[in-house]
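Some structures are shown below for you to check.
In the two complexes below, subunit A is the common chain; its partner is subunit B in one and subunit C in the other.
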Partner chain A sequence: MGINFYDVDFTYDVKASKTLKNINLKINKENEFITILGHTGSGKSTLVQLMNALNLPNKGVVEVAGIKILPNNKEMLKPVRRHVGLVFQFPEYQLFEETVLKDVMFGPKNFDKNNADVELSAKQALKMVSLDESLYERSPFNLSGGQMRRVAIAGILASNPDILVLDEPTVGLDPKGKTDLMEMLVEIQKETNKSVIIITHDMNVVAKYSKRCIVLDDGKIVYDGGKREMFENSELLKNHNLDLPDISKVANSLKNKGLITFEALPLTKDELFNVITRGDENE
Partner chain B sequence: MKIEFRNVTFYYKKSEVVLDNLSFTIEDGTMTAIIGHNGSGKSTIAKLIIGLLEPVSGEIYLNDELLTIDNLDEMRAKMGIIFQNPDNQFVGSTVKDDIAFGLENRLIEREEMIRRIEKYSRLVNMEEYLEKNPENLSGGQKQRVAIAGVLAMESDLIIFDESTSMLDPKGTKEINKTIKSLKNMNNGKTIISITHELEEALYADRILVLNGGKIVLDGSPSDVLPKKDILEASGLKVIDGLSLIEDLKKIDFESKDVILEAIWESIFTM
Partner chain C sequence: MNNLAFGQYYHTNSVIHRMDPRTKILSSLLFMIGLFIIPKNNFLFMGIFALFMVITILLTKVPLKKFLKSIKFVTYLLLFSFVFQVLFNSEGELLLTINHNLTLVNVGICLVVLICLFLLRKKIPLFFILFLVVLVLGVKFLEYPVYGNVLLNYDIKVYTGGVITGAFVISRVLILIISSAVLTLTTKPTDLNNGLEALLKPFGKKTSILAMMISIALRFIPTLFLETEKILKAQASRGVDFNEGKLKDKIGQIVSLLVPMFIISFKRAADLADAMEARGYVPGEKRTKLVKMNFTLKDVIYLLSIILIITIVIIYRVI
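Here is the complex of A and B:
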């Protein structure tokens, strides 16, 4: 179960160079909290679109929930998308119904539940993303950018897939919406053990929530491991257009001024708080 | 370009007022960040300034001239906007055509056009993609192309509506530097930056915070960003570094003042 890539290549244009090169990846069905990172155009969105058969490999095998993804096999689509739910980078591409509520109901309806349940789970999902009830009957295209993002996320939550994949889900959300979304994903995992995969450029999100970081560069996986090891490797950060979380930058500047010392680089506010106040206790 | 809103009220539907008798002035050659929760009316303000929407009541003055249907085209030629979704921006079937389109519209000569396409596509690191279809680019590449297209017009006023939200950290830094340099040129551009990244708002001269159709905070980044209560009441948050200062203030520890001062400094001199 889960998602497996075996020696996968992918290309949009057979005449051009490959977009993804020799990808090998094993993602468990349960309790993963993965952040996919990498420079603009490195292949992140392309990679996650292979996970639910929106892209098909040119070489190698992608296996989802034990099913091999093959061309011309329509039967596999439903179970694959039942297993892996994907929120697109641009919510506009995901929205198409006349009203917000209908849009969120589309996913679960597709997995043939009866109608009453569908409306209930759609409304629950819209509550989870804090979308005001007054917007349920509005066209999803007459919303602000962040409101559209919330509807797109609700669409996936309502479908209740085994693994949640979100392509830059915090973009366009206000600071509170961003924190709420991340805390909600943590909460969902606590309750259901579902694996969560997000693409992000936000190092603060990575520092707080990631359990495993996958870094892409020019279509190749160049790092797959923990965040602490990643953030402490300044060469790696520099070579792949990554950065430190804001708090770590503050920590380094205090260290350079000789005000604090630490072995492990603080990544979050709480960690830096402890470093600063622990210094005191040791005196 | 100087921008003045005088008692501007706007709604899409009468029962849901978006901007409520709003007045503010943005001075020529300054950089202003507009922040606010989702749906607070930021993009609406941008669309009013470029004349895509009209106030229900109240007036908008650009360079002390009332914005009307009659001078709209003339005014628009001095403004550029990068929309929140870059796809709403693209008209050309190649990146090159797309940047060229805006320039043609402004009757820029051919040679100058070629020079600018080259200059600005290089500035955003997209010079290798000139012949590609903008629809087939990654999210961050689309944002870069949209930025190049608007910068190439060299307008007096440039509005960025969350236009670096999908760039990698290095790209974001580079573009922010470029934006800052635009402002610091001798005939400095006026910049409005709509953003949810409060760390990015640090680059601005001034931050406006929008809530309930009104401006609830207005001041320099170091004035506005620590105002926890008002920010939270407006559906926003304080950034981690400042919230750390808040937490530390409540307890006693060795060289407290020096450390608090150093944290403050490292935030506002990033």
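Here is the complex of A and C:
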């Protein structure tokens, strides 16, 4: 099941050029950890909004959990949105209730009116994003930016989507907040096997967490595959405004100075560490 | 969402576009006042006004479609006011009498046709014209007592006065809307605002603040639409569907739209105020202008011709 794109075109304004062109994509329901990359305006946010039918395709078919989303199809969208939970970049676009807890309960209440356990699932979701319990009864507007982001994510998690999509979740968070958030997503992914899709500009995040990378340029998918092949393809990186993670840059300059040698480019701290300590043993 | 007729500047660089915004504002204002002092049912003067408007439209070189668009959303209002006049105005001579014999069958047929039309309205090109034709046919059709007992029988009397006044009212509103469309289609919002500010200057210092407020409001309307769309999407992700639900749910859904709207607007306003202050804006102080407005021969001619027409109307009324 999961999400399938078949020859999808999308445009916001019929008179302007297409925002997305001929997208073909297959995303599994389980065990994916995808990062979507591409420079500003390449269509990343537009693409993820097609995944839960906030944007409808102009051509082609998007299939979510077996439900076909066709051009001009306005029915059956709610199950799609329940299946794919999308967290927007700016939490202030969705927070509105008096208390944090009530705001998180809003989603599950909409999706399942007869569910008596909305409060329970809301509390579970808030626990998952490790928000302090003392904040549950506070107004969501008196929180810090990072806390708001957590509440917004909990608001989506509470409706228990099968696939979780986040639009630039780490922007504007402090370094610790960033790591916490990413660790939390990895945790959720491992525990529940849900697929997680993240839009990001941060190559360190990609290097550390991503299993699969999708690169967009000017509305077209130009790369879809593992992160290692992507980072080792310097042509691709240069052509699409991408960059190496910091660790790999360090590794490259060490290599250029003749201090270390490696076959596979180290992407994370641990990999670089391994390369360096192995080098010691060789001497 | 972008079919609101204001802020819809259309660039052609015509004579009218190059005119001083002050001239355009003043002349629109005078023109509108003039429209309302035309003696009732005087089609000669209405014709002169219409002719003047037609010449102006031709001079702007803006496609006619743009003007028709601005009329589009008052068509039903116009139709209603015309029908109203025709039905209830009993001045002049009797023009025709329509004798309606309502039976269950013919009323039913009319209703069904109307409902079908209403449901298909999005799919039919030139819907309004079809609607008019159907309306006329329907009124005629109700004369014949098709099958069954006549439930109600009444006369509609149409007098010449009603038709004439109806036509007069319609043409007045039409010309009014088109003249304001000329102003907004040929003047950039910023120019419009500068012109307004200059015209209001004699009335005191506060007016420049007012003009700034208007220009900010105009500038932020499209932004607010975009923000609304984003909020709608964010809440749709959480299962809000504005097309379904009971009244109680609906209220909750609207609140989920309004609260973020207010929060974001206030935040934007505060940010903008800071940004303006950081760049040295002091309310009411004298500011230099990037573009100087200048009053040229074409402005004089345009303004004088309007004043001439209005003077004639006034003289006619007084005598």
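Operating definition for what follows: the second predicted complex is superposed on the first by the 273 of 283 C-alpha atoms of A that agree within 3 Å, B and C clash if a C-alpha of one lies under 4 Å from a C-alpha of the other, contacts with A are read in each partner's own complex, and residues count from 1 in each chain.
Keep in mind that, in the parts below, a contact is a pair of C-beta atoms (placed from the backbone, for glycine too) under 8 Å apart; a residue touches a chain by one contact, two chains touch by 3 or more.
Just so we're clear, the structure is a prediction, and the values are computed from it rather than from any experiment.
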On the A-aligned overlay, A:243 touches which partner chain: subunit B = first, subunit C = second, or both, or neither? first
Just subunit B (first), just subunit C (second), both, or neither: which does A:106 touch? second
Contacts of A:171 with subunit B and subunit C, given as first, second, both or neither: first
Looking at the overlay, does A:54 come into contact with subunit B only (first), subunit C only (second), both, or neither? second
Give one of first, second, both or neither to describe whether A:17 is in contact with subunit B, with subunit C, with both, or with none. neither
Between subunit B and subunit C, more residues of subunit A are touched by B
Between subunit B (first) and subunit C (second), which does A:92 come into contact with in this model arrangement: first, second, both, or neither? both
Just checking: does A:156 make contact with subunit B only, subunit C only, both, or neither of them? Give me first, second, both or neither. second
Touch test for A:78: subunit B only (first), subunit C only (second), both, or neither? second
Contacts of A:141 with subunit B and subunit C, given as first, second, both or neither: second
Which positions of subunit A sit in both the subunit B and the subunit C interface? 90, 92
Tell me, which parts of subunit A touch subunit C in their complex? 49, 52, 54, 74, 77-78, 81-82, 85-88, 90, 92-96, 106-107, 109-111, 141, 155-156, 159
Quick one: which bits of subunit A touch subunit B in the complex? Just the residue numbers, please. 12, 38-41, 44-45, 89-90, 92, 134, 142-147, 149-150, 168, 171-179, 201, 203-204, 241-243, 246-247, 249-250, 253-254, 257, 259-260, 268-269, 272-273, 276-277, 279-280, 283
Please name which positions on subunit C make contact with subunit A in the complex. 227, 230-231, 233-241, 243, 255-256, 258-260, 263-264, 267
Which subunit B residues qualify as touching subunit A in the complex? 12, 16, 36-39, 43, 84-85, 87, 136-141, 144, 162, 165-173, 196, 198-199, 232, 235-237, 239-241, 243-244, 247-248, 251-255, 258-259, 262-263, 265-267, 270
